[in-house]
């Protein structure tokens, strides 16, 4: 298992971590199998989405913020970051990518994004590569 | 594969099943690999989120209920539980956790939650532990 | 790894691909392990939900459309399909199913759905079967 750290610089942010995962794959020398990426936090998630136009990330954050606003008289969680917890569960905290010939089998427009919902912070992800 | 049953006691409820998964891991005697937890239902889901303040669960259920209300003149599904189906897909019905040294590699604040959206009911989850 | 193509016929559509996955499982001759289904696109997703009443699919699409409308003055992504990207991430782009005795271990009412959010198009999914 590989542990990598990520630094988010703003409160809500999608960070492309594809190359970080590729690095771990290269270190492992495993050529074919399954890669699990697991976010060890409860106010951040992970998703696979468009790697080209940065406006996609920006739009996604906007839509999520509107669906789950930061402030809400209904929230009771004392830390005040309920919205981050909800968004983390909506995106999910882990993903799997198929590995073949030493390459992540991503579609042409796909990138792997760490989803920060309560930054800036230093975060930790775990990467497991099973195969041979 | 291990099959475990869970009893929900109310209509919408997050139930911490971390210890249930740990039990299956211990029974398997597998020390390192990948654990898949799969909910066999279409009106319940699974998510990994905060294990400390119970208000997080409560707030998450509130936000989901507001985003996908139980009653809605638009719904056509004859069983009347469309909202539960949608919430199940938003949370997802399976999750993976990395296993090392006989321990689930969860972050300090992470718990594994069964998400009941149409209880009370008896439910079934499958746990598969691959590794050695 | 198996690559299968899917043709969506309308803009937003849930397509039951369970039998496509079962086909790949049969071809692989693997009896027990884990099946990963991975959608190689950023405006389509995958989910496991009810396989009986077609109104569930219809209702789910309605709820998603209302939560993330196609038109919105806030969106900046130049292709105009921001909503499809968001819905893809909400459903997720991959899923895992446990395989035993040559059979996908799905619950009685569960089907595997390809979620088209920006069709009609020809789409590609990857299926990996690990085990023996």
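A, B and C are the chain letters, set down in written order, and residue numbers restart from 1 in every chain.
Assume contacts are C-beta pairs under 8 Å (C-beta built on N, C-alpha and C of every residue); 3 or more make two chains touch, one makes a residue touch a chain.
Quick caveat, the model's predicted, so the values are computed rather than measured.
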Among line, ring, star, complete and other, the chain touch graph is complete
To bring the C-alpha trace of chain A onto its twin chain C, one rotates it, in degrees rounded to the nearest 5, by 120
Rounded to the nearest Å, the gap between Cα centres of chain A and chain B is 20
Chain C residues touching 2+ other chains are 34, 67, 90, 92, 96, 130
In the complex, the residues of chain B that touch chain C are 1, 34, 36, 38-42, 67-68, 72, 74-79, 82-83, 85-86, 88-90, 92-94, 96, 124, 126, 128, 130
Within the complex, chain C is touched by chain A residues 33-34, 47-50, 53, 55-56, 58-60, 62-64, 66-67, 90-92, 95-98, 100, 105-110, 130
